[in-house]
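What follows is a set of structures for review.
Look at the two complexes coming up: subunit A is in both, with subunit B in one and subunit C in the other.
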Partner chain A sequence: MGELAQLVVNALAVGGIYALIAMSFELAYESTGVVNFATGQLAVMGAMIGASALALLRLHGGLPVGYLATAAAMAVVGLAFFAAVFRPLRGAPPVTIVIGTIAIGMVIQNVAQLVWGPLPVAMRSPVGSGTIHLAGVALPLHAVFVIAVTVALVGVVHALLHATPLGVQMRALAQDAETALLMGIRPLRLYGMIWVLVALLAGIAGVLLAPMWFIDVTMGDTLALKAFAAAIIGGFGSIPGAVCGGVLVGLAEILGAAYVSSDYKDAFVFALMIAFLVLRPQGLFGERIGARG
Partner chain B sequence: MSRLATGRTAPAVAAAVLLLGVLPPLLLSGYALRLLDLALIAAVAVVGLVFAFGYAGLVHLGQAGFVGIGAYGVAVLTTRAQWPVWTAAPVAMLLAGGVALLIGAPLLRLRGHYLALATVGFNETLVVIAKNWTALTGGDDGLGGVPGIGGIGSDRAFYWFAAAVLLGVLLLGAALRGSRFGRAMIAVRDDELAAAAAGVPVFRVRLLAFVLAAVLGGLSGALYAPYASFVVPGDFDVVHSITLLVMLIVGGEASLPGAVAGAVIVSFAPEWLRFVGAAYLSVFGVLVLLVLVLMPQGLVGALARLRRPRHV
Partner chain C sequence: MSEASPAILSVRGLCCHFGGLRAVDGLDLDVPRGGILALIGPNGAGKSTTINLLTGALRPSAGSIRLDGVELAGKAAHVVARAGMVRTFQNGRLFARLSVLENVLVGADSRLRAGLAASLLRLPGFRAEEAALVAHAGGLLGRLGMAQDAAREVGTLPYGSQRRLEIARALISRPKLLLLDEPAAGLNAAEVAELGRLILQLRQDGLSVLLIEHNMGLVMRLADHITVLNFGRRIASGTPQAVRDDPRVVEAYLGRRAADARV
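On to the complex of A and B.
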């Protein structure tokens, strides 16, 4: 029983991280029309920048400054993505965007490799590596922290999209760009902000994942595939969907690895994704996707 | 490509085929020849993508998986069951086509990037299976000792053989392009509703294009395994699927000569970009992005525009 509870908490933490990456992916798709195949590389960038920033700034101001510096750097990455990828590819057919973002993912991964080398980064959790005892079960503190941060971020993003003028503008632009322009929305500035948010969400996911897993520069595609699976399972265009999808992917992976076969854990996730695509293409919460795209 | 069928340019095409099919192995040797052999093998799979993506418009990021089915099919049948390559190859191709039929039936209801994601998942699943079904595939260690194709002892002879196979595939492609099926694929790609209204069985056309692509992917793998004599799961992962699609897009997405040109250019890119050293993938990624933005029709489209600027 204790073992199962530990596994479930770990699965929720990993699933929460997949959910954050899936939210980054969906935000980009819903509000800018770009299917971002470089989402995983953005998450890895977050982990790499975070590890370096924390190591460099530990002596000058400590953790908070390190995290702020990481966020600022990810915002710059988001703006660069907006300028170098989104603007030239805007409105292109799906395959151009798919290959274009894959190409940019290659560039990001290669630059990360040149800067940080092939070894995985080590990052300490802000809450340390201890355990917390709940009802007699020892749970890793970082996993509990990740779940809390994910819940908080989901709330923040939801509030941002639904309760601020900025969010209303973003959703207006996503729903009907022409009418939004007629209402005086300035699209480029808004698109720039969306891409900053996209990079931040992926980057935070990377920073949260780094203390749990050894993250190296080649992990982007693996992470992105899990997040894509989460987005499809939850239903495209739905933040609750991304969260549920992420949690389901995390559970399928961790419980499948523990009780069935750790070799085939990735196959379970893809099988689940393909089953959803075939049997319930709208996912748990989303619109019907089969005919879109 | 339709001009090939009209016969107006037939002599020029025949001369080009003779020149490109016969000469290179006499001029090149060693590593360059080996790269060219691998480019021809890849070109067979890329021609498959001309059907699936170029003609039928399916964003297919799983072609390397079908190459892998062909390669592993031949490797397993020749090393574990002692079949000769000549009987193993057609069986491996049929296997690739059969798998495509099975998974295509559900997957091809998806469009655009949803299909892209699903094919990525399919490809990754195949790699996971190849890595873990050790008894059959040898797992991560791969499967070695695949016998060569009988009578073909050198890279030079292999080039001529592969060029002949590729020529056959291209002729088949040109014939299909001009056929009722070819027109149906393009109609489905350009406007699915209009095609359906005109009586084109949309789903069957898409499925057939997907299966055809898989069979050619299987053929590519069936050439690769005896050539390399060794297969590992990593040779057939999504990265290779992406490379195959990039080859097609660099050459020109709906063009058979473009598929071959793209395969050769992308195969030699690491060699030509050797001077950039460890930054290779960055430079390659930026080049691909530039091709997408500046030459959306690929090399063939860009050349056509240069030659006939007013008619485009």
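On to the complex of A and C.
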């Protein structure tokens, strides 16, 4: 019983991280139409920058400054992505843009290899490596922290998109860019903000993951594939779906590894994804896609 | 700015050529400041192309478009909208997955300063700005008799309300000139009468209007001035009375015989 509770908490933490990466993926896809194959590299970038920033800034103001610096750096990465891929390729065929994101992912990965080297980075959790005891079960503090941060971020992004005029305009731009422009929406400003948000979400996922797993520069595609599975399970194009899909992927991976075999943990995830593709291709929240018309 | 100029919108020599086709060919038109200009013409005369040229959706081959003294020819659509010229659409272009109130807020970008950080962190100064916008949007809906529909999905609205919602979405940016593209299309007689009252009320508040419309009863009732378009050119321009009696207009609509018979 206690073991299962621990596993579930770990699974929720891992699932939360996949959910954040999937949200980054969905946000880019929904609001700019770009299937961003560099999402995983953005997450790795967040972990690498985070580890370096914390190491460098530990003596100058400590953790909060390190995290703020990481967020600022990821915002810059998002703007660079916007300027280097999205803007020049706007209006190009989708395949061209997809290849562009793959290319930028490879560039990020190789630059990261040059800067940080092939060795994995470890990062301390802001809440330490202790455990908390809840109803007699010892839970890793960092996992609980990750779940809390994920829930908070999902809430913040949801509130942004649904409760602020800025978010409403982002959704309008996603639905019908031509009409949105005729209503005076400044496309570059909004697209720029969306790419900052895309990079921030992926980067935060990387920072949260680094204390749990060792992260090296080649992990981007593995992470992106899990997030992609989460997006398919949740229903492509739905942010609540990305969150539920991420949690399901985390559960399949962690529980499969614990109770069956850790050699096949990725296979469980993709078996789940394939089952959804066959039995419910629209995913959990897929009806919204059909309603888009 | 150019308060002396009697025209809020002044178009000169506007051309749009698609290959050999001259969809709009040297068009001149003036919308009187604080008045209503109706742009009419038979189907295919170039009215839709004209509105696309004015709003920046199409780039003119030649010509000038001055709104309140500012040259807008060839400018991007969002620049034109922010300069104060906003349109509604003949075939309903609302954001189907946004609520009624949210659709109105889309039009408010020119009045929104809050950036990403302010919106994410809900900074108090920007919350006041947002609250003011939402209040203004609610007020506009109230004025159009749609206050009770604010939270509804757009798709569930009756057709007449959807047309009014487009006007509210255009008005929230506080435009200098409102372009109405066949606002009466598909409305019943009572709704058309209501629309007419609304447009006159807006003019009373000082808004200038360019009205593209097929419903001649409505045009004759509302317009201060009418410009008639055929084959991309202006064939007549004047007061409703003068235009109605112009033989070139009768010919464009009914053919030469009818025009001869009347003369």
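A few comments on the model shown:
One rule holds in what follows: the second predicted complex is superposed on the first by the 286 of 293 C-alpha atoms of A that agree within 3 Å, B and C clash if a C-alpha of one lies under 4 Å from a C-alpha of the other, contacts with A are read in each partner's own complex, and residues count from 1 in each chain.
What we mean here is this: a residue touches a chain if its C-beta (ideal position, glycine included) is under 8 Å from a C-beta of that chain, and two chains touch if they have at least 3 such contacts.
No experiment lies behind these values; they were computed from the predicted model shown.
Superposition model on subunit A: subunit B and subunit C are shown accommodated side by side without a clash. Contacts of A:Val278 after superposition: subunit B is touched, whereas subunit C is not reached. In the superposition on chain A, A:Pro94 makes contact with subunit B only, while subunit C stays out of contact range.
The larger set of touched subunit A residues comes from B, when the choice is between subunit B and subunit C. Looking at the shared chain after the overlay, A:Gln175 reaches subunit C, while subunit B stays out of its contact range.
By the touch criterion stated above, A:Leu160 is placed in contact with subunit C alone, subunit B being left untouched. Once the two complexes are laid over each other on the shared chain, residue contacts for A:Met193 go to subunit C alone; subunit B is not touched. The overlay of the two complexes leaves subunit B and subunit C separated by a minimum Cα distance of 17 Å.
Once both structures are placed on chain A, subunit A residues 291-293 are touched by subunit B and, in the other complex, by subunit C.
Put simply, subunit C touches subunit A in their complex at residues 55-57, 76-78, 81-82, 86-87, 89, 93, 95-98, 102-103, 105-110, 112, 114-116, 119-120, 122, 130, 133-134, 169-170, 173. Interface residues of subunit B facing subunit A in the complex, by the touch rule stated above, are 53, 59, 61, 106-107, 109-118, 120-122, 124-125, 128-129, 131-132, 238-239, 242, 245-246, 249, 253, 278-282, 284-286, 288-289, 292-293, 296. On the subunit A side of its complex with subunit B, the touching residues are 35, 85, 88-89, 92, 94-100, 102-107, 109-111, 113-114, 221, 225, 228-229, 232, 261, 263-264, 266-267, 270-271, 273-274, 277-278, 281, 289-293. Those residues of subunit A lying in contact with subunit C across their complex are 156, 159-160, 164-169, 171-172, 175-176, 178-187, 193, 196-197, 288, 291-293.
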